[in-house]
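You will see two complexes here that share subunit A, one where it goes with subunit B and one where it goes with subunit C.
After this line comes the complex of A and B, so read on.
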């Protein structure tokens, strides 16, 4: 593997790892606060799954660079993270959390289905491992989105408001970063445009069935080095204990 | 079985991709059939070497219990994929169950401890992701133990991840299939919560994966 490919692959794996870690943290913020006990349990499970996926992606980064996953998670500043702004947003209300999860689950399933055939075997193995778990998430989040979208006037209004806020942020998931063209050429990572088309073909009719209106807002390509203002606060919370004693062994 | 008021939306598929779409995992192997013949040691046997064999190691691993389901051994669970012997050095290959399962680290520790107690001079546990663990790999003995423990065993799905979510679940206490899913997530990553309408009580299922 040449240097350019090595760097591009590391960045892309890190982006996937960061997405999972940050989303897991946002979902874990509901622990003890979800509307009903069953949902508290479900979302804690989903958060734990995403954390597990993050661990696998960080492990693949470690295999390439030697970086310790715990150091990557707890000792990098916001400027060094590659997470998407979609997962950085505060948890919002239940509609917001479930819709974000749905949009991300659909993206992740779209990605994993293709990565399963990646020419980079460790990524292919990881994708096959994660995909069956994601199916549980997708079922859960899609049922909630439908239920709230077609529920009461208030639940529909909240779901529409969440969609208005989240929709412009989905574009970043499918925007290629510098170096991604090398990954695609090597067959290591799937084509982003094709992924977006496939994702849209699933998500759009689903949202329409829920009588939700997708805004025309089209965001330009946003680099993953650009973060929402929310990431700093999240990291301060998430990294506080680990940074209190840098040499502690857990 | 009632799952939800409305059917879930179709899953994003891999069609149209440059990269071939998702392939189902290879057909599962029951534990034991995944055993790999150990390479013949090139070392000469000396005094003090433990005379470990494949069978001795597998029998010992069958005594190491899942930390979260203490009636089920790691062999029953199907996570032990291969055992390699080189003299008294033992290497065990295992696959994790659910990606985020915190028991993985504990399982590795328990395996090492057991192998050292057996006389292994060196015990190594390699964790591999491929082929991915499937709940189909829980053997017949494991399924019997799960049921006796009060956990409904997962349906065998042969890798069809769409079908596995809708397969019939029966109550581990009364065998009734008049059950309702309450939560596809439970007290651990591998459990779902059901309600038996006949017993009028809740029970847990080991989730198909």
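After this line comes the complex of A and C, so read on.
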């Protein structure tokens, strides 16, 4: 693998790892606070699964660069993270959390389905491993988005408000990074334009069935180096214990 | 006002050659959510091949004490109504502490829940039987074979969710006279 390909692959793997870690943390914030016990357990499960996916992605980064996954998670600052703003947003209400999860699950399923055929075998193996779990996540989040969107006047209003806030942030998931063309040429990573079309063909009819209206996609962040102001606070919270004793062994 | 969602009984089958067991209840607004909640609450740890859920109200129950008070259950005739619905039968044979309320023992065709129960107590009436449940087949919502890969198989890898994994480590650590530093699954 030449240097350019190595760098591009590392950046993509890190972006996926960071998305999973940050989303897992946001979902874990619901533990003990979800609207009903069964959902508290379900979302904690999902958070744990996403954290597991993050661990897999960081492990692939480590295989390429030698970087310790714990160091990557707990000792980088916001400017060094590659997460998308969609996953950085505070958890909001239950409608916001469920819709964010739905939009991300649909994205992750789209990605994993294609990565399963990647010419980079470790990524293909990882995708196959994660995909079954993600099918269940998608089922769970779509069940809730559908019920809340078509539920009461209040639940519909909250779901529409969540969509208005989240929709402009979805473009960043599919935006090109430097080096993506090298990855695609090598057959290592799928084409983001095609992925976005496929994602839209799943998400749009689903949202329409819920009588939710999608705003025009404008003014969202594009580059993954553009973070929301919320990432700093999340990292301060998440990294506090690890940074309190940098040499501790867990 | 009671704002709690209705309760659903959860029946779990660990492997194709094992009987379904009543493992507990979940709250859910409808059958689809009940099935997902059953998975999230009862299949976090291995292992599971199939899940059934049914509204708590759809389960007809009879205890050994109730049967003793009304022994006619044992000799009532089936009556004239046509037996045309499948009912599933479950029993419990002891008072030992257990996570399982009742275990699947078979199915019958019956004209009514009472007819199904009559067949259940006549068919499964050992001295040690203490509880019978019958559930109409039409009242069950089931996972299917296509669900196994996404709903149940991922849990098989997550041994760190099983407390026995930790217990083993702790004993091991004590035997060595040290403390446990390695967290399984991390």
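The rule is simple: the second predicted complex is superposed on the first by the 247 of 250 C-alpha atoms of A that agree within 3 Å, B and C clash if a C-alpha of one lies under 4 Å from a C-alpha of the other, contacts with A are read in each partner's own complex, and residues count from 1 in each chain.
Rule of thumb we're sticking to: a contact is a pair of C-beta atoms (placed from the backbone, for glycine too) under 8 Å apart; a residue touches a chain by one contact, two chains touch by 3 or more.
As the structure is a computational prediction, the values presented were derived from the model and not from experiment.
Chemist: Evaluate whether subunit B and subunit C can sit on subunit A together after superposition, giving fit or clash.
Modeler: clash
Chemist: Between subunit B (first) and subunit C (second), which does A:128 come into contact with in this model arrangement: first, second, both, or neither?
Modeler: first
Chemist: Of the two partners subunit B and subunit C, indicate the one touching more residues belonging to subunit A.
Modeler: Answer, by number of touched residues of subunit A: B.
Chemist: In the overlaid three-chain picture, which partner chain does A:136 touch, first (subunit B) or second (subunit C), both, or neither?
Modeler: So A:136 meets both subunit B and subunit C here.
Chemist: With both complexes superposed on chain A, which partner does A:51 reach: first (subunit B), second (subunit C), both or neither?
Modeler: The first partner, subunit B, only.
Chemist: With the two structures laid over each other on chain A, which partner does A:191 touch: subunit B (first), subunit C (second), both, or neither?
Modeler: So A:191 only meets subunit B here.
Chemist: Determine, under the contact definition given at the top, whether A:38 touches first (subunit B), second (subunit C), both, or neither.
Modeler: Both partners, subunit B and subunit C.
Chemist: Just to be sure I read the superposition right, which of the two partners does A:249 touch: subunit B = first, subunit C = second, or both, or neither?
Modeler: second
Chemist: Just subunit B (first), just subunit C (second), both, or neither: which does A:118 touch?
Modeler: first
Chemist: Which segment, 4-12, 76-84 or 112-120, is the subunit C region that clashes with subunit B in the superposed model?
Modeler: 4-12
Chemist: Considering only the contact definition stated at the top, list the common interface residues of subunit A for subunit B and subunit C.
Modeler: Touching subunit B and subunit C on subunit A: residues 38, 41-42, 45, 49, 52, 132-133, 135-136, 139-140, 143, 147.
Chemist: Which positions of subunit A touch subunit C when the two form their complex?
Modeler: 36-39, 41-42, 45, 49, 52, 132-133, 135-136, 139-140, 143, 147, 249-250
Chemist: Which subunit C residues qualify as touching subunit A in the complex?
Modeler: Per the touch definition, subunit C meets subunit A at residues 5, 26-29, 32-33, 36-37, 39-41, 44, 149-151, 153-154, 158, 181, 183, 186.
Chemist: Inside the complex, what are the residues of subunit B that reach subunit A?
Modeler: Going through subunit B, the ones touching subunit A are 4-6, 8-23, 25, 96, 98-101, 129-133, 161-162, 165, 182-187, 189, 193, 207, 209.
Chemist: Help me check something: in the complex, which residues belonging to subunit A touch subunit B?
Modeler: So the residues of subunit A touching subunit B come out as 38, 41-42, 44-46, 48-53, 55-56, 106, 109-110, 112-118, 121-122, 125-133, 135-136, 138-140, 142-143, 146-147, 150, 184, 187, 190-191, 194-195, 197-199, 202, 206, 209.
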